[in-house]
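In the two complexes that follow, subunit A is the common piece, with subunit B as its partner first and subunit C second.
Right after this comes the complex of A and B.
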């Protein structure tokens, strides 16, 4: 068995060590965020601040990275969440992960703090710490231009250097955005990591795997979501769907519908700005937008950026959104958290509490504001701390739209209550992907479960969280799991009788889902129509991985991350949403347009095998084979 | 396993400039060396070397092949999913994903936009998960097909070195 090799780097002492992960760890945790969560629990000194020199950050890959499987270039970064103080994992599709693997490493465990800016250079099984003083102060784009052209790169911009709480790390034009990964790199004086090598990642059953990949790619190409909708409109195609279902956050989540939303929709983007679609390396889905901005072809915005820099700040200027998206990328800042913090600041001004020079409906000054935030200039330094910090200083906790400190993505939980539960329980905080992404089944996808009913949402959230967790851990993009919704529903359309019936039936599927979760390891089947990722892992590693064990892997991952967060001081009291979501109805007079979190949360804990305080029971941990 | 540069090297730097994985290092006019950890045995260096100074690990000297006889990647557009693994692997920048043919066109494929830059390292062919890209011999006289397979006889490279004049200039234009 080919075991993962990790480089342990201590920046304070300059010590470098190569360690092989034990077989029992590899079989149990596979890689990616799951293995990273285990290593965080093992190596992170308890109680140490995320930005302290002693903190540990793990950059790692899954077994599928670089093998040529579809959408398999995603690498993971796990660390302590700067915004929430709990666990954080951030996923990125740049070339760095694949290159690091070709350079002979499956992951890096970095601790300590360098005295001067450092560039960690990984080539052919060697790690070098190079001086990066000359790169310090450059934006992410220029930094990457200064590094060797053929290397896979992972860099930070000015926001990371200045410890902006939601700074991101950039690889190519792809971004590991959330939770403040850039700030952790900045706190350790890591300006850049680059890798180059030519060792091909091991594939155990090469012949079968190649045949499998060919079939899988054609399956993805034929599916309406991954073969038609995403390549045509990207995630931006969700704007109109969310808007139609009143699930598009508007004016800092005051409403869920924006009359002019079509001006910032994926369709408008495709009609007026799109040059071509593109992809992360190895991805046949190709959802990336390439747009023209001031005579230069740049990466276009995702749905979350469009929603949060558009309707959520009461604006619909596409050009400004494209510019803000680009500026956030080169400064190295998360667009979701930046836009969320700005929307909160706008509402503070509207309510007359504080004035940061930003107001609803105005986007022309925001590029300037972004630079000021990234450089922490004057009062804008406060915006760089995120909306949780702002609400603790200025008040307004009921409309600070975050969970555990991490700003929510652009899905209105009151019209997608399962997503609300996901935001509340996600280990990262208000993240749609870590939260199970039920919005896709409730309000923005082809299937529509009853979006207002709490029924079955707990069980479905648990299932989806586990599945997405496992997909991430093996090195795949979550979009490759969108084929989980059968193609027939897309063909019939969301309003067809059969689609509606299926949605209705799924609303009552809770007990069945819970049963499936309990007997998961007995599901010895692999199919394209379930999670093809499990079969890919089986062929590449030789581990007996089937759909059931795969979902169980996700459960292990979620519980490990939970354990880390609990150890670092989060409690069940943090599994919550702002009052605006749980107490104020979205539509006046319709009492069901709130998130019934108090109904769903106990069921969720029960389904997860956690006690009333949200702590995994010993029995649950035994079942998952987790030793603390 | 890796290829090696032998004493015959005059340090012209042609192989270093064209190595698709940047495995060759050395100062001008001094003997170059190949990083054995990185070499992928594509044979580009040997095909370029006018002195026959590149050997396989078994000691077989690689023979120089004129650039016009190098195979070129051919892309099967029906199989290609435009996943850009080949584009990412191509250090010389010979491949690109085609631009959409019309507005909203998503059925694009990789294409050889700069055939003159291609060094025929075959990394694209090796890494393509769908087998959509193949290196095919250029349609020339049949003798060249045998030459491009690098089935060189020992010491045959020396003869080629003395004969090299017009073709070597052409091949030196590759990535200058």
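Right after this comes the complex of A and C.
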């Protein structure tokens, strides 16, 4: 069995050590965010601040990275969440992960703080700590231009250097955006990590794997979601759909529908700005948008950025959004949290509480504001702390749209109540993906559950969270899992009787889903139609991985992250949403347009095998083989 | 009574109708689909039914589905399905 090799780097002492992960850890945690969660529990000193020198950050890959499997270039960064104080993981599709693996390392465990800006340079089995003082102050784009051309790169911009709480790390034009990873890099004086290598990542059963990949790519190309919707419109295609279902956050989540949303939709983007679509390494889905900005071809915005720098700040200027997307990327700042914090500041101004020079409907000054935030200039330094911090200083907690400090993604949970449960329970906070992404089944997809009903949402959220954890841990892009909605529903469309009936039936599927979760390890089947990723893991590693074990792996992962957050002081009280979502109906007089979190949360804890305080029961940990 | 409806096509419907914007007369979504069939053929109507249909920006699934009434000047968009996140 090829076991993962990690470089342990202490930046304070300059010590470097190569360590092989034990077989038992590999089999149980495989890699990516799951193994990283285990290593965080093992190595992170309890109670240490996310930005303290003693903090630990893990940059790692999954077993499928670099193997040529579809959508398998995603690498992971796990650390202590700057915004929540709990766990954080951030995922990125740049070339860095694949290159690090080709250079002989599956991951890095970095602790300490360098005395000067540092470039961690990895080449074919060697790790060097180079002085990066000359790079300090450069944006993410210029920093990458200054690094060796053929290296995979992972860098921060000014936002990370200045410890903006939602600073990102950037690889090529792809971004590990959420939870403040850039600030953790900045706090350790890490300006850049680069890697170059020539080794082929190990694949145990190469012949069968190659055949499997060919079949899988063909399946992805034929499936309407991955072969048509995503390549044509990218995630941006969700704007009009979320809007049509009143799930598009508008004016800081005051509403869920924006009259002029089409002006910033994926369809309009494709029609008026798209130059071509592109992809991360080895991805046949090619969801990335390429657009022209000031005569230069750059990466276009994702759905989240369009929604949150558009309707959620009462604006619909596509040019400004393209520019803001680019500027956030080069400054190294998460667009979701940046836009969410700005929307909150706009509402503070509207209510006469505080004035940061930003107001609803106005985007022409926001590029300037972004630079000021990234450089922590004057009062803008407060915006750099995120909406939770702002609400603690100025008030307005009921409309500070975050969970656990992480700003919510661009789905209005009052029209997708399962997504609301996901935001509240997501380990990293208000993240749609870590939250199980029920929005796809409630308000933006082909197949629709009853979006207002709490029925079955606890069980489905648990199942989806577990499945997405395992997909991510293996090194895959989560979009590759969206083929689990059968193609037939795309062909029939959302208005067809059969599609509507299937949605209704799923609304009652809770007990069945719970049963499946309980007997998961007995599901010794692998299928293209549910999670083909399990078979890929099996062929690459030799670990006996089938759909059931794969979902159980995700469950182990979710619980490990939960344990880290609980250890660092988070409690059940943090599994919550702002009052606007749980107490104020989106539509006046319609009591069902709030998130019934109090109904769903106890069921969620029960399904997870947690006690009423949201703590995993000893029995649950035993079942998952987790030792604390 | 039929009303003049502003129609917007996306995706495959642009190819099938040869248009992005249109004006059709109908008093309900069901009738609009019939108009689509009459004007552009069966394939266009079939494709239209398969898409997410929004009346004045709202999914007909949140309204009266195909029975949704249409009034003079209403906007109907036929939107392609999407994914991502």
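Please note the rule applied: the second predicted complex is superposed on the first by the 628 of 628 C-alpha atoms of A that agree within 3 Å, B and C clash if a C-alpha of one lies under 4 Å from a C-alpha of the other, contacts with A are read in each partner's own complex, and residues count from 1 in each chain.
We adopt the following convention: contacts are C-beta pairs under 8 Å (C-beta built on N, C-alpha and C of every residue); 3 or more make two chains touch, one makes a residue touch a chain.
Because the structure is predicted, anything quoted here is derived from the model rather than measured.
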Which superposed partner A:232 touches (first subunit B, second subunit C, both, neither): both
Touching partner for A:213 - first (subunit B), second (subunit C), both, neither: first
Subunit B versus subunit C as contact partner of A:282, first or second or both or neither: first
Partner chain(s) touched by A:203 [first = subunit B, second = subunit C, both, neither]: neither
Partner chain(s) touched by A:446 [first = subunit B, second = subunit C, both, neither]: second
Of subunit C and subunit B, partner touching more subunit A residues: C
Shared subunit A surface residues [contacts with subunit B and with subunit C]: 232
In the complex with subunit B, residue positions of subunit A that touch it: 67-70, 95, 98, 123-125, 150, 196-198, 200, 210, 213-214, 217, 221, 228, 231-232, 270, 276-279, 281-284, 286
Complex contact set, residues of subunit A against subunit C: 224-226, 229-230, 232-238, 240-241, 243-246, 257, 259, 261-262, 266-267, 271, 287, 302-303, 409, 432-433, 437, 439-440, 444-446, 448, 478-479, 482, 490-496, 500
Residues of subunit B that touch subunit A when the two form their complex: 21-23, 35, 37-40, 81-85, 88, 91, 97, 99-100, 104, 106, 108, 127-131
Subunit A-facing residues of subunit C, complex: 10-11, 20, 49-54, 57-62, 65-66, 77, 79-85
